[in-house]
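Okay, so chain A shows up in both of these, paired with chain B first and chain C after.
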Partner chain A sequence: MDMGVTLRSVWKTYKRATVLQNVDLDLPTGKLVALLGPSGSGKTTLLRILAGLEVPDRGTVLFDGEDVTRRPPRVRRAGVVFQQYALFGHMTVFDNIAFGLRVLPRKVRPLAWEIDTKVRDLLHKVRLNGFESRYPSQLSGGQQQRVALARALAVDPRILLLDEPFAALDAQVRLELRRWLRDFQRELGITTVFVTHDQEEAMDIADLIVVVNQGKIEQVGSPSEIYERPANAFVFEFIGRSNVLPLDSREGEWALDHLFPAIRDWISSADPMCAYIRPHDIEVHRRRDRGAAVKAVVERVHPHGALVRLVTRTAAGEQRWEAEISRDRYEALKVKTGDTVYLEFRSVTVFSPHREVVHSWTLDPVREELQQPQRG
Partner chain B sequence: MSGQGRSGMRVGRGLLIGVTVLFFAVFLFAPLVVVFSSALQKGVGYYLAALADPETAAAVRLTLLTTCIAVPVNILFGLCAGWAIARYDFPGKSLLKTVIALPFSVSPVISGLLFVLVYGSGGLIGPWLEAHHIQVIFAVPGIILTTLFVTLPLAAHELIAVLEAQGKEEEEAAWTLGATGRQIFWKITLPKIKWGVFYGVILSTARAMGEFGAVSVVSGHIRGLTNTLPLHIEILYNQYDSVAAFAAATLLALAALATLAAKAVLERRTGLRKDHAAPGAAAAGGEEWTWA
Partner chain C sequence: MASGLNRRALLPGFGLAFGVTIFYVSVMILLPFAALALKAASLSLHEFYETVSSPRVVAALRLSFLTALVAAGINVAFGVPAAWVLSRYSFPGKRLLDAMVDLPFALPTAVAGIALTAMFGPNGWLGAILERLGVKIAFTPAGIVVALVFIGVPFVVRTLQPVIESLDRRVEEAAETLGASPAQVFFRVILPPLVPALLSGFSLAFARGIGEYGSVVFISGNMPMRTEIAPLVIMGKLQQFDYAGATAVAVVLLIVSFIVLSAVRLAEWRAGFWRTGAR
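Up next, the complex of A and B:
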């Protein structure tokens, strides 16, 4: 039997806008999955389809091999934590958590003392002992979220769905709560899907990241796979900071001649390509040597804790390069605004911006070897 | 200089308060006093006798009957309309929202005439009704229908507003937790909008009891049968029986005062509820992550 949650060729249209196009997705049991994408990418619709709050126009949704596409949320047993938590404002914390048990048909409804035990157990799990008689308006955002989580877990869901779980929280609480959620999910072992537009959040806690854009899935993979081998230009740009060099520009032509000639064979004029370089893959030197070939002037210096970000502009003045170096390196270089530096590109990825053609090449110019093309 | 400015401001303040109080006294308070003093000018005995008059009693009964039908129907319709408009998207939704307010903007007399034109003997479905011996115009059904028409937007407007303001997330949450439609309505939606419902009841009760124009057109003024309290007061007044007219008017005035009192209590309660929530939330905010 097929285990986990599966979407097969799911389409969804609102009015005339296509929100999801032919989405196929397999979510293995027990994993923490991030649906990552910009706003309007369709990730929340995807979550609502999993919850049963939306019915896809076409395609099927399977829970452990069982077709639940047209099952209403009431019988689907998907626990949902809404973005604004959607706690019942007129009920106490206890009544909120007990709700899913109390609405069960009489035949299967647990006895009052069983409900009581279960709610207290959940309150303990989300570390809210003693809060049972408070009202949601008397709780902080983080506490409300944990009540929402306990409420969703009370009905023993087959899958847990969280819509932008950390978006409404303060930066500090957000960081702490997401680590806690990560450990909590591991402990429970329940398949959990959360929607986020924050790549750092997804990278930090997810087992599996699903990158969604314009109603399509761009890439599915572990955080390191997504970061190290992005399937296309969109994923590369979305997942971290990037420098983009159009290869049909004057500086691009120069770079093809001098820095990565091996790529030239892959380029056709009909298909303009761009080179993508991460700021931390740019090394900064004071003097020109074999690798450090690009001459640039430092425009701004931004210290960021252990890292220092240098914004530079090439001597020709057309291309801006952002480099990220360690503080030690920065102090050794003693660079300041207006200084001339030489940039070394340690890793370059070339994509076709026509995203229907998702070929990519990763090149390490220092080792002068061309890696195998990947298909996204 | 500053002293002058301040005394100028003090004069302005006194003037504004004076005008407000004077206006209130002349236009609101004086008529109320006149109603009660005129009703009691021939003594309490006469006042009570005027109220005990069978025709007055019949008018009170009819007014109560009309109100008891119009208000629940309004609330029911308001809930349906509010739910449909706040929760679903359908063609003509914005048109419906505009049309619901129509009885607000049409003169009550015109509303009454509309009903005569539809249900009257020369009207649209009047002949069919007559053939089946159902009398609507110049009878109790007409009065109830017209009252319904003019009070319709009061509750609906209020309920549409509260339901739209609530959003649907809590209902969706209840749905994912396994609640049926009926459980969602009784346990989630209704508790959230109960003050809106109560407010709608108060507003439409006041209007249903006091409606004159529209009801006057369809009633036929048959004493003891189709006279509501406002119509009955007019008849008494036109007969120069002003004490009896004012006695009956005190009933409406008392009903209006009771309504106002209920409204004030209600607003105070809902206001208190809001004030109550805020300090609690602020206090709890400080406790974040102190549970470890």
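Up next, the complex of A and C:
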């Protein structure tokens, strides 16, 4: 039998806007999955379809092989934690958590003492002992979120869905709570999907990241796969910082001639390409000592903890390059604003910006060898 | 509850605002009531008791309170769906319907009374149909209730509307994902937060019903002991220059109204305790 949660060619349209186009997705049982994408990408709609709060126009939703596409939310057993938690303000914490058990039909409803035991157990699990008679308005954002989580878990859901779970929290609490959530999810082993627009959050805790953009899935993979082998230009740019060099520009032409001539063969004028370079893949030198390098002037210096970010502009003035170097390297170089530096690229990825046609090559000009081309 | 004295206020001077409030309430509400009480005090305790315990006055007072309570209750029952539809859905003619809710506010109540009598009277088109079915509305207590329902509509709808608009739909969705049926969502999730506003609307409609005169006199028939309301008894006493007697009835009307309104207010506060957590 098919295990886990599966979406098959799901389409969703609101009025005239297509929100999801032909989405196929397999969510393995027990994993923590991030739906990552910019706002308006359709990731929340995807979550709502999983919850049963939206019905897709076409396609099917399977829970453990069972078609639940048209099942209303109340029989689907998908636990949902909403963005602003959506707690019942007129009920105590205890009553909020007990809600899902108390609305069960009399025949299957647990006895009062069973409900009591279960709620206390959940309170303990989400570390809210002693808060049972408080009202939601008397709790902090982080506490409210844990109530929402406990409430969703009370009905033993088949899948746990969280909509932007950390967006409304302070930076400090956010970091703490997301690590806690990851550990908690591992402990429970329940398939969990959370929506986020924060790639760092997804990278930090997810087992699997689903990158969503304009109603389509761009890539599905582990955080390291997504970062190291982005499928296309969108994923590359969305995950982490990047420098983009259009290869049909004057500086692009120069770079093709002097820095990565091997790419030349792959380029056709009908298919304009861009070179993408991560800031940490740029080596900064004070003098041109070996090989070819880009000459640039330092515009700004931003220290970021152990790293220093240099914003430079090429001598011709058209292209801006952002480089990230270690603090040690920065101190050895002693660069400051206005200095001339030479940039050497360690790794370059070339994509067609056309979303439908995606080619990518990663090469390492330092070792001057072309790596195996990777098909995205 | 929130203390106005300890918190730094946004508007300058709690003292000034408080003074203005006290002045306003005193001049506009307390003084007239004091004058009323003073007038009633011109009667001896015995005379006062005699006046307010005469069968005709007691019947009128009882009729006034009962019809006002029933009418406010009906308005609550129908005001919830009306306010719900007006704040949750959009449909053609919504603005028109929304504006119509306020009409009973604007209409001179005598006009409303004449219109209702024309409709529900034995010769009115609705009254004639009902009469054939053996139901009499005009010139019975039921007619009074109809008039009071009419003038009380806006109170319940207008107090509920903003509260319904402020309800978070995600809360209903959350209840749904937790397995609640539509009825359970309504009674356990939607209705409880509406209770304070419902009680406010109820007490406003009730208070308005107690004092209503213009629209009732036409449809009630004003038969002593049967369809004569307390404000009419007061008017009758005034027309006979029995000012002290009129104020005596008015004082009883006021005291009972005040007790009922206070009780509703207390219930409203208790129903809204979860906003602050204070019991």
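Just so we're on the same page, the second predicted complex is superposed on the first by the 369 of 376 C-alpha atoms of A that agree within 3 Å, B and C clash if a C-alpha of one lies under 4 Å from a C-alpha of the other, contacts with A are read in each partner's own complex, and residues count from 1 in each chain.
Everything below uses one rule, namely that contacts are C-beta pairs under 8 Å (C-beta built on N, C-alpha and C of every residue); 3 or more make two chains touch, one makes a residue touch a chain.
Given the structure is predicted, the values throughout are model-derived calculations rather than measurements.
When both complexes are overlaid on chain A, chain B and chain C end up clashing with each other.
Contacts of A:Ser140 after superposition: chain B is touched, whereas chain C is not reached. In the superposition on chain A, contact is made by A:Ala51 with both chain B and chain C.
Look at A:Leu333: by the touch rule set out above, it reaches neither chain B nor chain C. Shared-chain residue A:Leu175: touches no atom of chain B or chain C. Of the two partner chains placed around the shared chain by superposition, neither chain B nor chain C is touched by A:Val297. In the superposition on chain A, chain A positions 51-53, 72-80, 82, 84, 86-90, 99-100, 103-104, 134-135, 137-138, 148, 151-152, 154-155 are in contact with chain B in one complex as well as with chain C in the other. Note for the complex: chain A touches chain C at residues 51-53, 72-80, 82-84, 86-91, 99-100, 103-104, 134-135, 137-138, 148, 151-152, 154-155. Residues of chain A that touch chain B in their complex: 51-53, 72-80, 82, 84, 86-90, 99-100, 103-104, 127-128, 134-135, 137-140, 142-143, 148, 151-152, 154-155, 173, 176. Remark: chain C residues 168, 170-171, 173-181, 184, 188-189, 192-193, 274-277 touch chain A in the complex.
In the complex of the two chains, the chain B residues touching chain A come out as 169-170, 172-180, 183, 187-188, 191-192, 277-278, 280-281, 283-285, 287-289, 291-292.
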